[in-house]
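Each in structure tokens, the structures are laid out below.
Presented sequentially are two complexes of subunit A, the first with subunit B as partner and the second with subunit C.
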Partner chain A sequence: MTAIAPSRRRPDLRRGLAATLLLAPGVALLALVLVWPFLVMLGMSLRERFPGPIVFSLAKYAEFLADDYLLTVALRSFSLALAVTALCAVLGYPVAWYLARARSRWAHLVFLGTIFPLLVSIVVRTMGWTILLGSEGLVNAALLRLGLVSEPLRLMQGFWSVVLGMVHVLLPFMVLSIAAVLGRIDAAYAEAASTLGATPLRGFLSVTLPLSVQGIAAGSVIVFCLTIGAFITPLWLGRGHVTVMAIAIHEQMVTLVDWPGGAASAMVLSFATLALLAGYGLLLRRWARR
Partner chain B sequence: MTARRLLGAYVAVVMLFLALPIAVVIPSAFGEGNALAFPPQGFSLKWFAAILERPALLAAAANSAAIAAVATGVSLVVGTLSAFALRRYAFPGRGALMALFMAPLVFPAIVLAAAIAMVLAPMGLVRNFWGLVLAHIVVVLPYVVRTVSATLAEVDRAWEEAALTLGASPWRGFTSVTLPLLRPGLVAGATFSLIISFDEFTISLFLVGSGMMTLPIEMYNYAEYSLDPVLAAVSTLLILLTTAAVLAVERTVGLGKQFS
Partner chain C sequence: MNAKGVALLGVAKWYGKVPAVQGVDLEVAPGEMVSLLGPSGCGKTTTLRMIAGLEVPDAGEIRIGGTRANEVPPWRRNIGMVFQNYALFPHKTVAENIGYGLVMRRRPRAEIATRVADAMRQVRLEGLEDRIPSQLSGGQRQRVALARALVTRPDVLLFDEPLAALDRKLREQMQVEIRLLQREVGITTIFVTHDQDEALTLSDRIVVMEEGRIVQAGTPDEIYERPRSHFVSDFIGMMNAMRGTATGQGAGGLLVRLAGGRELAVPEAAAATGSAVEIMLRPEKVQVNPPQAEGLVLAQGRVAHIVYLGAVTYLHVTVEGGATMLAMQANGQGMPAPRLGDAVTLGWRAADMVCFAAP
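So, the complex of A and B:
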């Protein structure tokens, strides 16, 4: 701390100035394109009409809570996020284990394979799913040929096709979060458990799994937030049959031109996300104290 | 030993699940028929040639490339300065600031998109190149800050201290010692930023319009009226480009290290 101070006279002041200067462009950008827009949106949600007088009113929030359609949509977003998060955790844990522990020569390839879907355009991925699951797609062709079904199944436009598409693209966040924590856990703990006579399964369940909970929590928070706010994947893979919060917000603003109503829905979604992140922050602080 | 095999087999299945929806697009681009089909009938390259006859797709691709390049350039400079300040200086509110820089990563994209459009519209920055650049900078900034600060954590401060002890100014110490050591993080951050910006959909949706389209949205509009192999051909090119970029980064600096 003191060794790096460049000047003996008032180093704290100079360091403070340096940090401020370094941060200024980034903070200015975020203020202009993140914080300010958020506040404008918050202001919009407190209006009754737009264009119209600026008033302070919670009318649009009351409308949201009284609207059965919007509440169903919110519940659907919530269940979607829950399903995607749970599937990512179950599916991703062994992959994370493989990356962090197996010391396989394939680990590099598996790492690249895991992050690849994240880097491929949504348009490309959707086309792939259509070729696989569409009414004339590969899966239906195989089922028809095997005589398991007599007419194509509608695999594309349902809740579960959206779940599949979301898991496909969000799995890397879960795998990397868990792998980061697994990599830090000393393998000696598991060895100690087995020396003391625990079966590998018991050693895993009572030693390694509890130690890796932080990784699962970190991954779950990211995956949950990204799913609950997802727009384009539900839109494309649901083919208009799976309306989630983001799609409803877009409808309210663009189709119905009800900006205050859309802004209120947007704020509900934002506060849900922020509450989740804040809760996770508290959890992290408790873990740090332990 | 069998447990290890079982794990290997399981991971192979997950990899198949991740790769399949992307891989099936490639053969579909080489068919002769007019419909998107798998397996494709015949073999031809005509759909790749057909891309050149779609000026709207070409213009949108040029826009996306330019936006990605400028947004990446700016976010590399801004992100590196910010990451350095966040890692090397202690000040009150540092944790909150770090969270603010990461916020665009997890914040609902549709909310951010509509909110940015509300602010940029009165400034005349909707359907405008610079409006899209501004929005994209905020989207890619977390990736740059994250990869650079992960690399900074690895860089031994003793190098920087040595430069200062030898009489270098802090700025000179940064440019001639820290910056070269940061190269892996910068390369990884730039690659991610370019790819994420090029593929960005939701944030751009509220900011594009006639005369200023991005490639993903132009492809989306195109698919609305015909899902033909031209889109598969464009997608194939995108997959190849992404693969090449990822492999190049992997070979020069190693991607895995940039994530810890």
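So, the complex of A and C:
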């Protein structure tokens, strides 16, 4: 190799060029559809009014922090994302465990079942939940017919029906993230723990769980971000009773035509999410190293 | 130190319809070091895992210290095990890895600290307490695994191919270290290997396995000098194999007519007259141009190939009848080294031959 290449810099240069070329389309697309709109929104949030003369101020941020309605909505959004993420982790871990460890021939069916919600359009899926949970829905019809209730229960319109719908959609992301990490953990670690006197539970808590934390973290980030930005599911399953940030921002921009206000809300949401995720990552890393 | 014996009585294990271990009987005395030797898939690892409790036998009984252990889960067997790739917990430091078994046994913190420190001194790892496994060399990982397995003072120590991941030189060094440590601690030890040298150096007794069964068990020299089957002799060390037919008992032992027409008498051998047999002879037992030919079986031949290995030289000699025999010569003993094409006389003692039914 050295005989052919006169200097060592040329192959390196070529490799660098190849890497640049390979990265370019993706980076360009991200810059175009993510970074550019984000910067536009950031600029918008700092303006006093739009359309109108360009005056930069932090007025819209101050308004947001003084607005009880928006603060309540923000709190609801984060509670929703937190609940959905936690539920996905708790429900998803055993499934991921099964997918990663089981050598059963049912494993691929479970896998298919896991990703199936992703194959169905969000509209169909949400409608499905409406059919099940609505006051004329299947569950209420069954309960009425059985005489367990005398009038339809309000299963829809609540915070938890939105949680249910979101968990249903987002569970696969959690399961696949955790399963990918679990599958790479050598089964010998758990065996070593057991030969050293660890019961299966203590072995799991002290070895397998810390080693799979990265999977939980990755899954949590995906689920959390998708929930915090969710629009359709809270709107439809909440029937207007579960206003989250995405809905509020939509109201500000489309109904109130307050673009700088909406942009400020969006910025608060984005940065709060980023800060929360950074803290979460730090916490998990510290715990796993314990 | 507490040392308990291990006994396997008719132990068998199937994976689905495939038998992995088929009726193994084995007694390991307290403090003894026994190796399970065989090619991959011979059931040696499954046997070890059953002793550890990681697999449950389908038949038979496993006894540790005289009591039945079949139903005892691994975490209550009080064993120490060193895994093939050590299975050190990657998220824990060296000290945490070694202390893990003590934490699981809920020992007081101060006791854990002293015992971990002692164990680290024992395997010469002082100063590496706070490293994590990925920052250690192969030999250091091996030592951590060893310390982790021993620190709980187990009744039995199990090794699964402990040295397979190390390079040759380190492997030989670790073999000696493990043996010294094992003697010092006096712990009953069972280890699995496919490496004959490892088995020969480390064991009080070697158990050779083939297709889920024990084919021969004995001290290293018994296994090496008096293999009882083609499989055992072929698996351990180099061999000259001569096919022939048993023609009956003579004054010097079993008479065997070789394919080339020559008849040899093999002492202490037996086979039905007319059956196909195989005579095995270690290359180092074959002398090249023996100074004293009396009492030796002799063969004339020509050097066809020479393999120089530093300490020893292997000569491939084509003898009468066209067969090739392998002779090993120690170098540096002042013996004249034959060259390619030289005519040589090979000689060996009849008692060095072993004979058994041809495979």
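Convention: the second predicted complex is superposed on the first by the 249 of 290 C-alpha atoms of A that agree within 3 Å, B and C clash if a C-alpha of one lies under 4 Å from a C-alpha of the other, contacts with A are read in each partner's own complex, and residues count from 1 in each chain.
Methods note: a contact is a pair of C-beta atoms (placed from the backbone, for glycine too) under 8 Å apart; a residue touches a chain by one contact, two chains touch by 3 or more.
Treat the numbers as computed from the prediction; the structure is a model and nothing was measured.
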Which partner, subunit B or subunit C, touches more subunit A residues: B
Partner chain in contact with A:116 - subunit B first, subunit C second, else both or neither: first
Contacts of A:144 with subunit B and subunit C, given as first, second, both or neither: neither
Which superposed partner A:153 touches (first subunit B, second subunit C, both, neither): neither
Partner chain in contact with A:59 - subunit B first, subunit C second, else both or neither: neither
Contacts of A:196 with subunit B and subunit C, given as first, second, both or neither: second
Subunit B versus subunit C as contact partner of A:288, first or second or both or neither: second
Subunit A residues contacted in one complex by subunit B, in the other by subunit C: 200
Footprint of subunit A on subunit B - complex, ascending: 3-4, 7-8, 10-11, 14-15, 17-25, 28, 36-38, 77-79, 81-82, 84-86, 88-91, 97, 99-101, 103-112, 114-116, 118-119, 134-135, 137-138, 141, 145, 157, 160-161, 164, 169-170, 192, 195-196, 198-199, 201-202, 216, 219-220, 223, 227, 231-232, 235, 238-239, 242-243, 246-247, 250, 255-256, 259-260
Subunit A - residues contacting subunit B, complex: 1, 3-4, 6, 15-16, 18-19, 22-23, 25-27, 29-30, 32-38, 40-41, 44, 91, 94-95, 97-98, 102, 104, 106, 108, 110-117, 119-125, 127-132, 136-138, 168, 171, 176, 180, 183, 200, 221-222, 225-226, 228-232, 245-246, 249-250, 253, 262-263, 266, 269-270, 273, 277, 281
List of subunit C residues in touch with subunit A within their complex: 52-54, 73-81, 83-85, 87-91, 100-101, 104-105, 148-149, 152, 158
Contact footprint of subunit C on subunit A as seen in their complex: 186, 188-189, 191-200, 202-203, 206-207, 210-211, 288-289
